[in-house]
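Consider the two complexes below, in which subunit A is the common component and subunit B and subunit C are the respective partners.
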Partner chain A sequence: MTTNQFMFFLFATIIVVFSVLTVTSRRILRAATFLLFVLVSTAGLYFMLKFNFLAAIQLTLYAGGIVVLIIFSILLTSQIAEKLEQPALTKKIFAGLAAVIGASLCIYTILLYNFIPSNLPSIGTNVDTIGQALISTGKYGYALPFEVISILLLSAMIGSIIVAKKRKD
Partner chain B sequence: MFEGVPLTWFLIVATIMFFIGIYGFLVRKNLITILMSLELILNSVNINFVAFNKLLYPQHMEGMFFTVFVIAVAAAEASVAIAIIINIYRRLINIDVERIDEMKY
Partner chain C sequence: MAFSIYDFTSFNQAIDHALYASLPPVLAVIVEMTIIGLVFLVFYAVVGLFLVYAERKVCAFMQNRVGPNRVGPYGIFQTIADFIKLLMKELISIKNSDKLLFNLAPFIVIIASFMAIAAIPFGKGLQAIDFDIGILYVIAVSSLGVVGILLAGWSSNNKYSLIGAMRSGAQIISYELSVGLSLLTIIVLAGTMQFSQIVEGQANGWFIFKGHIPAFIAFILFLIASTAETNRGPFDLAEAESELTAGFHTEYSGIKFAFFFLAEYMNMFIVASIAATVFLGGWMPFHFSGWAGFNHVMDYIPPFVWYLGKTAFVIFLMMWFKWTFPRLRIDQLLNLEWKYLLPINLVNILVMAFIVLMGWHF
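Up next, the complex of A and B:
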């Protein structure tokens, strides 16, 4: 077993175990912490694949931003001391059945399909290349989606401020 | 093959994570835990994009940029969702999906 395989199994185990704990834990603050573990080990997978910039984004935006936002909203809206109520057994069974059947169908299809791995050298993901691609308007340029996502973020920011603002009445 | 780790392993991990997210989405009642399941689902899709990009088309960067855009959309979605959740809590003092039926009838 090579180092890569070992690291992959480590991250995969962390991801699967803590994903299950995220959706089954009955203490909501713990569920948020387990989600943080999942997101950090996903960043580990990105580092393994040598997507350093993406892993940094994952760590700062997901782990540093979204999880902190979720934890703040938990502190604002929930009684963290009390446990969430247990979902009904039939609901659990049917949801679990749907998940297991869907997962096994997808995994079966993945194993059946013959992916042809590429031997070409990687283009490299240094920040210089990424920045050039983000502002380029030619082939393989992403200027338009970049601008669209900026407008989306601005409107989401304004929208969430207006929605969460306290009414005067 | 990425130095001993084939593509299918990444896809299988992402699939398992995706369906765990689906399970949580169906079972949970609290709005914030549903939002957390949604983050799991989006994150598993990101792993798929990155693995395809690195192992099948290493000379392009499409997968990476899609992942960046998915992360940006997830951040926007989380902020709007949490604003709505806080507003609902302020009006109804609970955030259980089964008790929020003010607009139903």
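Up next, the complex of A and C:
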């Protein structure tokens, strides 16, 4: 087993174990913390693939942004003694069934698919290439999606300001 | 084995080759990682102890006092004595607290600062890992520390801790923006995010001089925003002693408290070294173009001395802030960020981009 494989299995184990813990923990803040571990290990996988930019974005956006927001809202709303209620047995059984069927379908499809190693030249993952691709309008350019997403974000921001604004009535 | 205090690259390569020659590759990697880990641990202990001493002396100086002066000459062993006392304190376990998260929180804070320091260049060849996205990486991992503070505040089951954690969360999330944008201004000028290239780019002049006024504005904005991000005064609302006893770490004792304490000082050190590296040339000596003799004399000072000197200067500036300005209120704090720093920063980036586009920098 090479170091790379060892690290992959380490990260994979962490991701699987903490993913399960995230949905089974009955204390909501612990669940959020376990989710943080899952997201950080995913960033570790990206680092292993030498895709540093994506890894850093994963850390900033998910671990540093979204998890912090989740924890923040938990801090505002819940008490330390609170535990989530046990769901009913039938719910548990059906949720488990759905999870098992979904997982086996995914695994079956992945195993069935014949992965062909691509022989296209790698265009690199450095910040330069990504930045150029985001604003280029030619082939492999992402200018239009980038602008569309910007408009979406802007409207989401305006929407949240309107929702949060105090009404004078 | 060529050893020189001016360039550690060949020294590191020699160690690397010797390890790979005598050990299987897996073991060599583990040994290298262990060595680097131990070096950083020792570095943390030494710098942490020194910074606490420096802070007390600077504070005393600002307040016209003497400061620690009993243990050793000028009190230099005071922090070591304090540290031994901290180690021997009882670890109090709190009833009705979330034990797992309570014990986990100090580790998250300290691991985040450990991850950040790995990318800092201390001298030529003295850098644990040189990512092509260096600055982005440091911003990313340092944003993990706030999770530890939030967890500590919530799991203590104490209202003061909770208020402290909330304040610190709001503060760090908002000031992260200004830190990122002010660094982005310099990335525009440097054209790279890799720390080694940023330092190399300052061989003929530091970025704070090369970038004219926008670089200077970015430096000041970075100082303000990063002081806030490290929870230091005048932005220390998260642990405001007079209102919240100690904020998010009220319930911690002994070594767990020491972790928070150490992480706070090390974060200050990391922020200061980023400021020194990005704005003040890192380990690059001070050069005037045209003054060959002067430049030659400056080259005799080893790079890590330059680096430590610049970092110490920025740390002194931050301590100066802390002991000069009164603490802000939470609304003033958020106003300062969202109404002043953020717009100034955005305009500043535009001005810098224009200057780089026109080629007005040198």
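Basically, the second predicted complex is superposed on the first by the 159 of 169 C-alpha atoms of A that agree within 3 Å, B and C clash if a C-alpha of one lies under 4 Å from a C-alpha of the other, contacts with A are read in each partner's own complex, and residues count from 1 in each chain.
Please note the rule applied: a residue touches a chain if its C-beta (ideal position, glycine included) is under 8 Å from a C-beta of that chain, and two chains touch if they have at least 3 such contacts.
Every value quoted in this text rests on a predicted model; they were computed, and no experiment measured them.
Enquirer: Is A:33 touching the first partner subunit B, the second partner subunit C, both, or neither of them?
Expert: Touch partner of A:33: subunit C, not subunit B.
Enquirer: Between subunit B (first) and subunit C (second), which, if any, makes contact with A:65: first, second, both or neither?
Expert: Both partners.
Enquirer: Once the structures are superposed on A, label A:75 by its partner contacts, choosing first (subunit B), second (subunit C), both or neither.
Expert: In the superposed model, A:75 contacts subunit C only, not subunit B.
Enquirer: Pick one for A:56: touches subunit B only (first), subunit C only (second), both, or neither.
Expert: A:56: touches subunit C, not subunit B.
Enquirer: Counting residues of subunit A touched by each partner, does subunit B or subunit C come out ahead?
Expert: Looking at subunit B versus subunit C, the one contacting more residues of subunit A is B.
Enquirer: On the A-aligned overlay, A:133 touches which partner chain: subunit B = first, subunit C = second, or both, or neither?
Expert: Only subunit B; A:133 stays clear of subunit C.
Enquirer: So subunit A touches subunit B in one structure and subunit C in the other; where do those two contact lists coincide?
Expert: Correct list for subunit A: 2, 53, 57, 65, 74, 76.
Enquirer: In the complex, go through subunit A and note every residue touching subunit B.
Expert: 2, 4-5, 8, 12, 15-16, 19-20, 22-24, 28, 31-32, 35, 38-39, 42, 45-46, 49-51, 53-54, 57-58, 61-62, 65-66, 69-70, 73-74, 76-78, 84-85, 87, 91-92, 94-96, 98-100, 102-103, 106-107, 110-111, 115-118, 120-123, 125, 129-130, 133-134, 140, 142, 145, 149, 152-153, 156-157, 159-161, 163-164, 166
Enquirer: Provide the residue numbers of subunit C that touch subunit A in the complex, in ascending order.
Expert: 25-26, 29, 96-98, 100-101, 104, 131-133, 136-137, 139-141, 143-144, 146-147, 150-151, 153-155, 157, 162, 165-166, 169, 173, 176, 193
Enquirer: Given the complex with subunit C, which residues does subunit A contribute to the contact?
Expert: Against subunit C, subunit A makes touches at 2-3, 27, 29-30, 33, 36, 40, 52-53, 56-57, 59-60, 63-65, 67-68, 71-72, 74-76, 80-81, 126-127.
Enquirer: In the complex, go through subunit B and note every residue touching subunit A.
Expert: Counting only subunit B, the residues touching subunit A are 1-13, 15-24, 26-30, 32-33, 35-37, 39-40, 43, 46-47, 50-51, 54-62, 64-65, 67-69, 71-80, 82-87, 89-90, 95.
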